[in-house]
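Multiple structures follow.
Both complexes shown next keep chain A, but they swap its partner, so chain B is in the first and chain C is in the second.
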Partner chain A sequence: MENVEKQLREEAKRLLADKKVDVIVGYEEGTLPLQTVPCFITNPDDAGKLVWNSFCSQNLAKYVHDIIHQHRESQVRVKPEDKTRKVVGVVARGCTTRSLVIHLQERQYDRDEVVIIGVPCTGFVAKRKVSTLVDGKEILEAAVNGDKISVRTTSGDKDVPLKDVIADNCLNCHFNNPVISDIMVGNEAPPRDVDREYDSVNKFENLPLEERWSYFTKEMEKCIRCYACRNTCPSCYCKICFVEQSQPAWVGTGDDPTDVQVFQIMRMFHMAGRCVDCGSCVEVCPMGVDLRNFLKKLDKDGFELFAHKAGESIDKPAPLSTFEMGDKEKFIFEPESSS
Partner chain B sequence: MAENKSNENWEPKIVAFCCNWCTYTGADLAGISRIQYPPNVRVIRVPCSGRVNPFYVVKALQEGVDGVLVSGCHPGECHYITGNLSARRKFAMLKNFLTYIGIDPDRTMFSWVSASEGEKFAQVVRGVTERVKALGPANKLVKKV
Partner chain C sequence: MEKRLIKKDALSGIINKLSEQMLVYAPVKDEDNVLFKVLEKGMEPLADYSNTRNAPKNFFFPKTETMMRYMRTERGIELSGEGEGAPEMVLFGVRPCDARSFILLDKVFDQEKYKDPYYIDKREKTTIISLACVHPPYSTCFCTSVGGHPMSSEGADVVLTDLGDKYLAEFVTPKGEKLLEKMGDLSKADDAAEATKEELSKKSEEAITSHVAGREIKPWLDENFEHPFWDTIHQSCLACGTCTYLCPTCHCFDISDEVKGSDGKRIRTWDSCMYWLFTKETSGHNPRTSQKQRWRQRLMHKFKYFVDNFDAIACVGCGRCVMYCPVNIDIRKIVNDISKL
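Up next is the complex of A and B:
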């Protein structure tokens, strides 16, 4: 891990010094334990700030999109011959590169506007899992020690095994190595337990309908509509989100439970074939809503119906933007008496 | 709205999104051929089944309809060549997803009815009405006003 970090800093410094990129998006040490924060480096001397560890949870593709689009907007009134481009370098793990692929497929920016520094990933630590293991005590300090995390809480120290606190989405990750990259640092990460990827979805599918509905409503009751999930999601980049549209007003903004449910259904459905299961929405949710259970279903359907995994390859179009004559249509209603 | 299944007079409200070129014309044919079908459907004409945003379906359920029917041209016969093929993928995922979160699969129905199939349109409406009737009034996702 330290080795990767060192290489990463060197590469970032070199890219900035050579003016290959205007800004590097990466992670830096945060002010709170168990988390790192995104950082934006423009000066080669600051490259030492970059870190790469198990606390890097956010999907940075979001910022790549934001930076490029903000820059483009700032160029709107500039004469064509004076227009500049901004090239963004990004520290990208597997899921981040998949989000970048989705952006590229959706023509959000060009391939030469982004320089991808690929890093192998062994999964990130889910803060909520650590918090449960230390009985919800306030965590003052945490550090990774081999395969353990030493946590100092208000009521003493505790060591928790790293494998118990890795986020759910990382446990069965297919893409812990970048799918595209310009520069790779570190060695390939070992494959994960990919065969059980859809176990949780299969289990949930087999529950009775009413139980599924009550689980869904129970989870959605927690939601306070802070939109943190939307704000952190790289695939949620609409200039005006449907929740904020007023003509027509798609969904009410009050605390009506059905409005919350409809908001979540539609936000999740917009992720059909676009969710890379990076876990950012789950990680930032202040109320701990189990979004992944539902998003994973869309992922599973995309795979089982259309043999598609979001962001797997640039040449493979998103499942809902293409079609085949022979697509399955078992769900189509045929009245019995018709021939 | 004190509607429940025990109420003998309860009749389901069903919204049908019909594509202008096939199903809507098919419904027209059913009408001029004097084919009887339940009056529970409220037909909304759309240019193509591909025009139907999945949100329309969810929104209709939230506004309190008991069932939604989306119907368009048979695959390969779309007026816009491929609109219904995109729609098919969209609705395959939508129906699966809504069922997954616990909404009865019979509340959201999709079918293909061509302009010449007046009788089939009537059969589809009969079938959908029957199924929705069996489920009773919608109680999930319905916004209480």
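Up next is the complex of A and C:
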């Protein structure tokens, strides 16, 4: 890790000093244990702030999109000959690079507007898992030592195996090494337990309909519609989300449970073939809503119907925005006959 | 002020007895959160807990509230209210910071110039039993920096202090004293109990480890509406509003109409300065177009405008926004960074 961090800082410093990028989006130390914070570095001398560790939980691709688009907006009234571009450097692990690929495929910005510093990834720590293992006691300090994480809480110290607190999406990740990069730091990360990727979805699919529905409604009851999930998601970049449109208003703003469900169902379906299972939405949700179960089902469908994994390769177009003669369409014309 | 002693093992019985006579909300465990819920038969109120994830402000200022209903008929529009008003209730187990937040909310919703009948009705009919913090529950607590205290009775009608084997119960307000009548016979508190409380109070205050320069930054805020510092806070913000939704003192709201066929209702919902729709006008114009401006509003509102208007900081130091911000934007750090400018 230290080695990766050292290289990372050197590369970032060089990119900024050589004016290859205007800003580097990375992670820096937070003020609380188990936390790192997205940071935005413009001064080469600040590159030393960058960290790379098991607490880097968020997918940073969202910020790349925001920065480039905000800059473009600021250029709208500028004369064509005076227009400038903003080039963003980003610290990107596997899932982040897949999100960047999706942005590029969806023509959100040009390849030369982003400089990708690829980092190998061994998974991030899910804060909720740690909190559960220490019975919700306040965590005062946490440090990773080898394959353990040592936690100091208000009622004593505890060592927890790292694998017990790694986020679910990371445990079975196929792409823990970047799929695309301009600079790579560190050595390739060892493969994860990829064969069990769909275990939890398979289990859920086999439950009776009523049980699945009641699980869905129970989870959605927790949602306070803060939209943190949507706002952190790199694939959710609509300028005005349907939930905030008022003419017409697609969903109400009150506390009607169906409004929450409609928001979630619509958002999830917009993720079909576009969710990279980065786990950011789950990690940032303040209420602990299990979004992954449902998103993973859509991912599995995409894989089984179209052999597609979101953002896997820039040359592989997304199934829902392309048509091929061989595409399955039986489920459209004879929905009853397919499961 | 009446003072009584309650044996530890008798407390839950007393609270349960109250819940037979009126609505009692108490902290209970719900999956991995602690939330205020209606106490029903057989439920144990938690007396030994840190704090709830949500602030209790929703009891007086609900997240969604119907203000009126209307119906289009052949004779015109018919208006109606929302039933008979709030029931009598008890809020048990409120932390001192949250109890104090009600005093701050009163300044907004129950003042000379504006009286909010929806808020006032509920507030008047509720008796608040707070649980003093004999240990600050979190390392992020900073009540003492913003005018509060871990053992403060501000905003409470009854204060319970854990003395080890028993609670000292202080009935601070007339509302609290009325509740005492419903609690049955309790032995009077002696001087020793009060001396112990004094001691605990000092210890608890010393155990607070987070300190912010709450009042000290006011002169800087007065002068620096435009300053490069404002460019450094908001960049990672997800604009999720978690900080404002969980905050006991945030109180911005929005009013909208929901119409189905010929029936409609006017609802008031929480708003948040973190949202891009905040202060967006019907014309399409928004005086605050960026997250930078919105974050400045959040800080200014708490540490300057509220102080200008009501001579109090609109933050009680509960630390919720610090603990639950998904990207760890820490108001303690921001305030302290400003104090160093």
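Details
The working rule: the second predicted complex is superposed on the first by the 328 of 339 C-alpha atoms of A that agree within 3 Å, B and C clash if a C-alpha of one lies under 4 Å from a C-alpha of the other, contacts with A are read in each partner's own complex, and residues count from 1 in each chain.
The rule is short, and it goes like this: a residue touches a chain if its C-beta (ideal position, glycine included) is under 8 Å from a C-beta of that chain, and two chains touch if they have at least 3 such contacts.
Computed from a predicted structure; not experimentally measured.
With both structures placed on the common chain, the touch criterion links A:306 to chain B but leaves chain C unconnected. Touch criterion met: A:58 reaches chain C, while chain B stays clear of it. Contacts of A:231 after superposition: chain C is touched, whereas chain B is not reached.
When the shared chain is aligned, chain C comes close enough to touch A:255, but chain B does not.
In the superposed pair of complexes, A:266 makes contact with chain B only, with no contact to chain C. Comparing chain B with chain C, the partner in contact with more residues of chain A is B. In the superposition on chain A, A:284 contacts chain C only, with no contact to chain B. Common to the chain B and chain C contact sets on chain A are residues 252.
The part of chain B that touches chain A in the complex is made up of residues 54-55, 58-59, 62, 69, 75-76, 82, 85-86, 88-105, 109-112, 119-120, 123-124, 126-128, 140-144. Those residues of chain A whose C-beta lies close enough to touch chain C in the complex are 30-32, 35-40, 58, 63, 128, 131-132, 136, 138, 140, 224, 226-228, 231-232, 244, 252-255, 283-288.
Chain contact summary for the complex, chain C toward chain A: residues 31-33, 50, 53, 63-64, 137-140, 235-236, 238-242, 245-246, 254, 256, 258, 267, 269, 276-277, 322-324, 326-330, 332-333. Against chain B, the residues of chain A that register as touching in their complex are 204-205, 209-216, 242, 250, 252, 256, 258-259, 261-262, 265-266, 268-269, 272-273, 294, 297-298, 301-302, 305-306, 319-325, 327-329, 331-338.
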